[in-house]
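Below is one structure, written out as structure tokens, with a few remarks after it.
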Amino acid sequence: MNELDLYRNVSRIRALELLLHRYIEEHGFGGFWHPGLGQEGIQAGAVAALREDDYLFYAHRGLGYALAKGMSPVTLLADLFGRTGGSVGGKGGGTVHFVDPELGVLGQGGTVGSNFVLGAGAGISAQMLGTDKVVAIFFGDGAAARGTFHEAALTASVWKLPLVWICENNGWAISVPIEAQSPTANIADRAAAYGVPGVIVDGQDALAVREATLEAVDRARAGEGPTLIEAKTTRIRGHYEGDKQSYREDLGEGLEVPRDPLAILRERAAIPAAEADRIDEEARAEAEAALAEVLAMPEPDPDVVTEGVWV
Amino acid sequence: MSDATATEAPMLGYARAINQALAEEMRRDERVWMMGQDVGRMGGVFGVTRGIYEEFGAGRVRDTSLNETFIVGAAVGAAMTGTIPVAELQFADFMMIAGDEVFHKMAKWRYMHGGKLSVPMVLRLPTGVLGGVGAEHSQSLEALGMHFPGLKVALPATPADAKGLLKTAIRDPNPVLFFEHKGMYRVKGPVPEDPEFLVPFGEAVVRRAGTSATVVATGLMVPRALEAAEALGAEGIELEVIDPRTLVPLDMETIVASVEKTGRALVVHEAVRTAGAGAEIAARIQEAAFFALDAPVWRLGALDTQIPQSPDLEQLVIPGTDEIAAAARELVAI
Amino acid sequence: MSDATATEAPMLGYARAINQALAEEMRRDERVWMMGQDVGRMGGVFGVTRGIYEEFGAGRVRDTSLNETFIVGAAVGAAMTGTIPVAELQFADFMMIAGDEVFHKMAKWRYMHGGKLSVPMVLRLPTGVLGGVGAEHSQSLEALGMHFPGLKVALPATPADAKGLLKTAIRDPNPVLFFEHKGMYRVKGPVPEDPEFLVPFGEAVVRRAGTSATVVATGLMVPRALEAAEALGAEGIELEVIDPRTLVPLDMETIVASVEKTGRALVVHEAVRTAGAGAEIAARIQEAAFFALDAPVWRLGALDTQIPQSPDLEQLVIPGTDEIAAAARELVAI
Amino acid sequence: MNELDLYRNVSRIRALELLLHRYIEEHGFGGFWHPGLGQEGIQAGAVAALREDDYLFYAHRGLGYALAKGMSPVTLLADLFGRTGGSVGGKGGGTVHFVDPELGVLGQGGTVGSNFVLGAGAGISAQMLGTDKVVAIFFGDGAAARGTFHEAALTASVWKLPLVWICENNGWAISVPIEAQSPTANIADRAAAYGVPGVIVDGQDALAVREATLEAVDRARAGEGPTLIEAKTTRIRGHYEGDKQSYREDLGEGLEVPRDPLAILRERAAIPAAEADRIDEEARAEAEAALAEVLAMPEPDPDVVTEGVWV
């Protein structure tokens, strides 16, 4: 994926973030929306390093992961608003579940950190079936505390499973700051315990994230096992839209993104301002059109509640 | 009895009532302390523990990370060594993440070690549907607490019971699973201020007297059953609505006495109907009152499906007031 | 039907029958593979998987470490990406260590993701009392599989069913909890050699015909119920003994038809009686056959206690043949 | 504790090991016995560094931990054989549960690795009650793979809980060798991920184990947090008595202990052979007398099965 397309994805994610913020402020929202404002560079940058058929287990911080993997904003918003056009058939709501087997988007568990063991399993099947697919597993600094990480990481390393762990370290697990959760300065400092490389990148720099992820993906595909990537970033908004963040002094209620990944990418990729502005404009238009389309979609048929429990 | 007392008491929300119980018990006994995700500085994701951290400090109100096995397991270890932990799992569903700690360590440690140690702790479990939190954050899993001996299980359906049962739970020398309904946190009701106000375990309360049929309901189903009963009252059907309040211990005497009077029983809970607490209660009713029954014991519960993430759809999965009324009407007609 | 076929078949132990099913299905479909503690080189701590590693190699027979969340969770991930894992937890109790993986991920992933993915896997669960393995290695937890929709639940009581149900489980597109009784591993019985021998899910089998009362028994309680029935036969009491074989799906038709004939029902399982599978079965029997019942539906199960570590004491906790006979005798006398 | 008493404890544990081996070979055994033959130096050495009121969460590898903490062999054997004289009132059987609150012996979970989180909790209460007690948590190389270790270690380190983790690395988790379980050469290599010291000691050298543990205990008591000690040893016998070890080439069926902790201690502590022989003799006599006493004890009253479930 070239720089321009990468910029476009960062911009498309940003447009959805801002649009949803505005919409929810005005109309409220049924489920929970976990804004990823400011983390778009990690999501777009890391996914840019994946092959179309590689597997993705995303986190709950927005829609960027799946959008970058190729899912349409219409589908994703439909899942967010629990409409029929969504990938989970209207059962969705909030930032939890969307899926696209063709694109390798395998979903997420509502219990944060459950992706570690499931993702390892996808790696086992890739290894057994010889598909040379790689599994990208996104998670937050808080999720890294789960025992599932430890259990998956030890065996994934010994079995050389084709995994890439991408930690979006935004400094917070809801109200608990990273210092209260991690005895070490970096999540990547834990990599050595698992005999895997630990890489720290600037999460605001989508190109740096893509580079780091490409290296990890190559390593995984070559059968050399997992890599732990820690992308440093900041949670700009509350844990969920509506969170007052009373526990927090470091940031206000604003929407400004310090070290904005868009600005950094414009500069590092030397994208002409006019062109970048045009891309941003297209992204806003895409997002607005998608939302309008979704809000016009019918509510799901009540029968769906009992469908899909068993095959 | 809570209800008598309760009627003259000031109105308070269910969440505030829990908050009061926590603060009062932490003032009364300095061995009592709290641990959980965001229970401290933030005051809990549902605001239930607001102000506790400010009053008691970081030593007795501990924010943890995403480590459910630690939250429960460390509480067990701290309970057997002279303190009284009140641990919180952010969602009751997370019991399954710490299943070994909840159903083995909490429940069995005392027995396995010859009764030489005890595990005086409370595990607070925000339970039930809230609106859009989905299949892994909306479950009602209280039945599991009945199937693993060694635990006690409370599920308050009113603000007064929320306060009185939690205070009793904290003073109980046994490990207690405390299911607080997160969909009821804002419900208001009279809550006694007396710091010695306790609601005993194992005492069901008759929420409404009636002669046509007995409805045994728990948690969110209690207000729904009462609404249904009011509706049927207009039709001359008088439901007796009983809230067990604790499932372990379970007050079968009150339930059986009612069924012997009415001859009919309907058990209603929000949990999945299949293998839920209602199955045990129904089985025991017919064991104890078979020859007094004019009809089979019926049960209402969640369908054999997951709770959909959609806030609109989730209500279709659990029993509603109309469904309860319809079932009761049909049962009485048998 | 298994039993018909079974009678002309060679005698085989319950553990060997499971071993045969595993080997046959792994030969039939190379997507089938195994994972668990000591299932490979050692052939399992109970010897159930002996020879599988030698035949299929380290790629398809994977020894894991002490990581139950990995064993189950990775199986779920591998199942939704084109393979058919047969994972083993060394003891069924360890489901609680991987509770989130078993009861949330295995059971709900398909539904939560709009039915776009499926989770074709089997979780093998050595269950029940063995003799001296204590409170956390002896439990019968099959009822949990009924309370979490999305799972199927099998508990074979004979070598033939052990083989036939496991083969069916491996071919089922749904996640299956397979409870194999570790106390029955050495029990011998006729086991068909036909590699297409399958025992269907949801078909109860009448192990013994009778007219005095219906006994619904599972797992180790099946042979005990049959023994009790033989004893009572001498007294002119003819028990009809039914083994459901799978709890999800559950064949209530066969059970209800029997109860409508006998008018009396006793449900027996090794699991804790309170909130066990027997509660659901008893509740459903009286819902479906209330007016055919001459007496309440009774249940026998483990006492409300833990399984003591002592091999001598553990048998006092679960139903024995004499207890079953005594209960049936008393029930018939009502 | 002086060198002579340390030698005595190693010898007392060894005597029980050999006696039980002989007894079970002759008479069989109801429950499961997990022999600790060859690991006595770790158990006696580490416990020698504890104060009488310090807490102990032991592992399943024999009776040495609790014997060294001060419990009587009669009590321990009574628990092993499920007799009334045992600390768990006859409910016991096999090497799982024994308890002595006065001596801080708090028990063990049957699910290996559950001690990590419970032990951390005992550390919290020691911290809250200001008792300056330390918690010793024993575990094996296999148990170290449990997610409970990760979840407990991260928070214990941040909260500076007074814990000492003592890993008896005997190279095996039943049939699975350490290389198949650990991506790193040493379990202690994981300490850095948790910001705690990781110490490797020769598990056959009881004095070295005691030294390392003393340092860790002082650190914990001083409020400086946990230490991870890895004691290298070898599992001489099968996982449980009766395990044929078909999966194993490195060792035979014998009872010889390479690098015997008794021999090493005799030399390092310069204990006169005559004196050491006398201690061994007393240890054998103690073990035999204890077993005889226990076998004469009555079976527990059937009523105990329902006692102690609830208070």
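Note that the chains take the letters A, B, C and D in the order they are written out, and that residue 1 is the start of every chain.
Criterion: a residue touches a chain if its C-beta (ideal position, glycine included) is under 8 Å from a C-beta of that chain, and two chains touch if they have at least 3 such contacts.
Quick caveat: nothing in here was measured; it's all calculated off a predicted structure.
Interface comparison, A-C versus C-D: the pair with the greater number of contacting C-beta pairs is A-C. Taking each chain's centre as the mean of its CA atoms, A is the chain most distant from chain D. Separation between the centroids of chain A and chain C, computed from CA atoms only, is 41 Å.
Chain B and chain C have Cα centroids lying 31 Å from one another. Measuring from the averaged C-alpha position of chain A to that of chain B gives a distance of 36 Å.
Multi-chain contact residues of chain A, defined as those touching 2 or more other chains: 88, 91-92, 96-97, 109-111, 145-148, 151, 154-155, 180-181, 309. Each of residues 64-65, 67, 69, 93-94, 97, 100, 104, 111-112, 134-136, 149-150, 303-306, 309 in chain B touches at least two other chains. In terms of inter-chain touching, the protein chains here all touch one another pairwise. Every residue of chain C that touches chain A in the complex is listed here, in rising order: 33, 59-60, 62, 64-65, 67-70, 72-83, 85, 100-101, 104-105, 109-118, 149-150, 152, 173-174. The touching residues of chain D, counted against chain A in their complex, run 145-151, 154-155, 157-158, 179-184, 189-190, 192-196. Every residue of chain D that touches chain B in the complex is listed here, in rising order: 55, 86-89, 91-92, 96-101, 106-107, 109-111, 114, 116-126, 128-129, 147-148, 151-152, 154-155, 159, 307-311.
Every residue of chain B that touches chain C in the complex is listed here, in rising order: 93-100, 102-104, 107-108, 111-112, 134-136, 141, 143-144, 146-150, 271-272, 274-280, 282-283, 286-287, 290, 293, 295-299, 303-306, 309. By the touch rule above, chain B contacts chain A in their complex via residues 37-38, 40-43, 45, 63-67, 69, 93-94, 97, 131-137, 303-306, 308-313, 316-317.
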